[in-house]
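As written, the chains take the letters A, B, C and D, and residue 1 is the first residue of each chain.
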Amino acid sequence: MFLSMHNWMRAEPIEVTIRRLAQCGYQSIEIEGEPSKYNTKEVRAMLKEYNLFCFGSVSLMFEGRDLIHADEAVRASSVQYIKNCVTMVEELEGREMTIVPSQVGKVAAMASEEEEWQWAVEGLKEIYAHSEQAGVVLGLEPLNRFETNFLNRHDQGLMLAEAVGPNCGVCLDAFHINIEEADLHQAILNTGDKLVAFHVADNNRMACGQGDYDWVRLVTTLKAAGYDSALTVEFVAPLDRTPANPYKNATAEAESELTPEQLKFIKDHGSGVLSDEFYTWLVQTSADTLRNAMEKVGVAPN
Amino acid sequence: MFLSMHNWMRAEPIEVTIRRLAQCGYQSIEIEGEPSKYNTKEVRAMLKEYNLFCFGSVSLMFEGRDLIHADEAVRASSVQYIKNCVTMVEELEGREMTIVPSQVGKVAAMASEEEEWQWAVEGLKEIYAHSEQAGVVLGLEPLNRFETNFLNRHDQGLMLAEAVGPNCGVCLDAFHINIEEADLHQAILNTGDKLVAFHVADNNRMACGQGDYDWVRLVTTLKAAGYDSALTVEFVAPLDRTPANPYKNATAEAESELTPEQLKFIKDHGSGVLSDEFYTWLVQTSADTLRNAMEKVGVAPN
Amino acid sequence: MFLSMHNWMRAEPIEVTIRRLAQCGYQSIEIEGEPSKYNTKEVRAMLKEYNLFCFGSVSLMFEGRDLIHADEAVRASSVQYIKNCVTMVEELEGREMTIVPSQVGKVAAMASEEEEWQWAVEGLKEIYAHSEQAGVVLGLEPLNRFETNFLNRHDQGLMLAEAVGPNCGVCLDAFHINIEEADLHQAILNTGDKLVAFHVADNNRMACGQGDYDWVRLVTTLKAAGYDSALTVEFVAPLDRTPANPYKNATAEAESELTPEQLKFIKDHGSGVLSDEFYTWLVQTSADTLRNAMEKVGVAPN
Amino acid sequence: MFLSMHNWMRAEPIEVTIRRLAQCGYQSIEIEGEPSKYNTKEVRAMLKEYNLFCFGSVSLMFEGRDLIHADEAVRASSVQYIKNCVTMVEELEGREMTIVPSQVGKVAAMASEEEEWQWAVEGLKEIYAHSEQAGVVLGLEPLNRFETNFLNRHDQGLMLAEAVGPNCGVCLDAFHINIEEADLHQAILNTGDKLVAFHVADNNRMACGQGDYDWVRLVTTLKAAGYDSALTVEFVAPLDRTPANPYKNATAEAESELTPEQLKFIKDHGSGVLSDEFYTWLVQTSADTLRNAMEKVGVAPN
């Protein structure tokens, strides 16, 4: 296993992100699904400079990105969007594409269950044909019920992956499975060799080590499930607007470079614009916690 | 301790609810905060007939109910709404009123942190003056970050309760604390004698016993914290819209008697209209699980 | 709850022991059952000087001390021995006497099950009559199977206590219940208000905090069981005779003041003569671990 | 992984044992280290008839069997004894020999630490030379402190194994590691690919499933450690001599075929002569518990 991290949680120049990851001891990045934003040649060079690699990417399902939208045009553009993400991963020499099938935050259905399922399978098959050629594996990610009403549990993910194609996998997330699975360790074991990506935050979506997860046990379960790939850090620190707030340095509105839709996406996750100081502390704490657990389980990278 | 249950999760005549609770071995009800809907004299008589009592009520913070709304008129009507709930509890010979301070589902602030806190304290103090006269204790309830950005953790709840008045308490919810607290057992211990109500569902918000909570351990912690009151069942079964759905009998659109805003409230929780058969099964399973745990800890009611 | 500690594990002048306990923040002592060894007036004065008190004592069942011995004379002298211990506790203004009914290390029966049980009840009743007058409560302690074949589990202890008299209690030990109980937390809850003493070491009988016990959870369970008395530290560090030994400073043969039978007793427990440095470290570590847990559960002494 | 079981805990014709194992769904046996007792040709035929195989054997260290005895003749005969066990394993087409280096129940040293270690290494090297030729792997087993003062923890076992030879391994036992290891899951992970055998009983040494072990978690840890071999059942039911005894059918003195030294060995383990009915129930319960866990972890044999 190795350390990876998302970058969608903070708007900043990609080089700032890459430098921080390198300093904190990460091996790789799971870059946000915004192909139009990145010059892949430049990013690849930066990663090499800092001795990192791109593990993959994750689809950012803002409004208007939805594989099961009632509007056929939206579905088509969403398929194209994810195919572009896959191409970005290929160009960054990555290997995995995490896919959230429906818009994040949409919890009301637009069509019948059968139609939604069919649209999801059709769209994903088209993406799958492209990703197979690109040498990128797909990981379908279930989210908690507040973020989607479509894919919430590993068994749903496995069934959808099976309908898409033999190499289609599933991505699980420590924060979500703690909310949605009857037994999160069993969910990981059941996913087994279909598990192609794993996102990590603590139970309260703070940095790994700041909640009640037993990280040695979790990494043990992952290893027993045959997983030997990225632990991709994805904390989303909830902002405390009360006098009880323990982290007075958490926010930094002035530092923001977010577009309005990015800001909305982050706020819908219950977070906001984090200061560089606070963010870096969470990045480092996560790395320290995970590296310690990987060493105890005997799966730390060389 | 004793068994209690909310009734906001299913629209049905109150007598149907009370009869089911009695049949499943509950001692009490935490009735939904809809004073205009209930004839308290009739409900009191029904409860007596079935040998149940009203433990209290919970505010249902639909749109337009918000103690920290930027519109003063909304704040004022919200205060009046909760005072009416308190009166309902008094008339039903209940003892507790659970208060969610802000609108459920609102995660964007309308004012500064200082203003929001001040409005919350002011509104709650007015409610507190009324509840003290009515002999009803208030319990401020933190929710998870997807349902509110105002009160998420026990320490915030304790600080707000302290600002309101010496008898103001806190209500915790098993589903929410598993998401928001760094250590949910410690959160219960820290709340201690300020804990005046406790809502229960399993980690996946299914019936108690259908997730991974260790219920004997949880009841042990509650007892050690000095809690000796209602365990109020509040499952919210997520609806599975995929072919993996294990509960084919879960939904029953036709049975619905919900108003549009009630239906929206339930759907925003990731659930829907549950069939009587499925709902009753969850009510019974919760009771069986909790009674077993209470007996093992030695706190079962006579 | 408060901190207490046994002193049978190290041979040294009692004042050395008392001074160390005071320095490490203990409130009390559970003095070894050797009435002939102590001048109670002097010990009482020493305890007062160091602001400690005597919680009670524990019977040391060397060969020749056995309430269920086949030889009536041995049974009689064993009864007298424990009565003398009770008197010592009374003179030291203590309140509890822990009783191990049979010789430690004896795992072969000398009589039928019925005879052994009858002898135990008879002997304990005689002791009980004396202890009731002395205002000292008895706690019958189950040990693990390697130390006795008579009393191994809490339910056996409860049954024997009930046969002895209404005020007779049970003493449990964290090390033993981890070996013998099907569910150690349930064993504590079941013992409930019959639990009059509790001995603590970690699962590996090292200092509290040096094994895998969750001490906050254990203290939570004790509180929920209604226990509000001594946590009596009783580590027995196993001596490591291999090159893997992590504690090179553990032993100190030269410091020994042990009688041959005391040394045998300690060696039968898998331990030996510990150095003052090593012993003090274990005493301090236990206190730190327990005080932290008591504070988190809210049961620390003022 | 697959199911295996010791047979030293009950004296009965080997065919009775083999038939019971087959009926209860076991795949293999870890036959007691009594080469003179078995006609390996006949036993091999019996095993084939019942579709079982011999996984290996375990040394039974009665008095007079001790690799670190002060008497050179005892050490020499003990080496020869274990070599004979290895030969028996080879003839039974087994692959593993579990070695307890010192007499079970001996907790007093006969020589200096350095001498004991040297004798152990010398004796084991001689056995190792033989076992390497026989194609049998050695597994050194740490026991709890009441059974030996020589080898108690995995790290001691690893150090001794390393001194013996590159293919020498370690055998761990669920009952012992719960008593002696600071973190039993970490002990298993640390042993890693040196783990060549694993003995199972519940924390109270009853059948797997009758104590508080989380078997799915334990098998998960074993798999993560790279272990893929026998789970060898080795319960030792403590006999309850009090009126609280929940198993009235446990004992059966009359059925015994034990030699006096075998009986002493079993009694020193806190057990006795178990009835066929009780014993079979424990054998079946262990198999059911382990098979369920292996299936959940995905390591059940075909």
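Following the convention adopted for this analysis, a contact is a pair of C-beta atoms (placed from the backbone, for glycine too) under 8 Å apart; a residue touches a chain by one contact, two chains touch by 3 or more.
Here the structure is a predicted model, which means the values were calculated and not measured.
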Those chains which touch chain B and also touch chain A: none
Fraction-based call for chain C against chain B, same above half, different below: same
Pair from A-D, C-D or B-C with over half of its contact pairs in common with A-B: C-D
Centre-to-centre distance between chain D and chain C (centres being mean Cα positions), rounded to whole Å: 32
Centroid distance [mean C-alpha coordinates] between chain C and chain B, Å: 46
Length of the line joining the C-alpha centres of chain A and chain C, rounded to whole Å: 53
Touch-based graph of the chains, sorted into line, ring, star, complete or other: ring
Each pair of chains that touches, named by its two labels: A-B, A-D, B-C, C-D
Parts of chain D lying in touch with chain C, wherever the complex brings them together: 107-109, 113, 116-117, 144-147, 149-153, 155-156, 158-160, 178-184, 202-206, 210-212, 238-244, 267-270
Complex interface listing, chain A residues touching chain D: 185-186, 189, 192, 216-217, 220-221, 223-225, 296-298
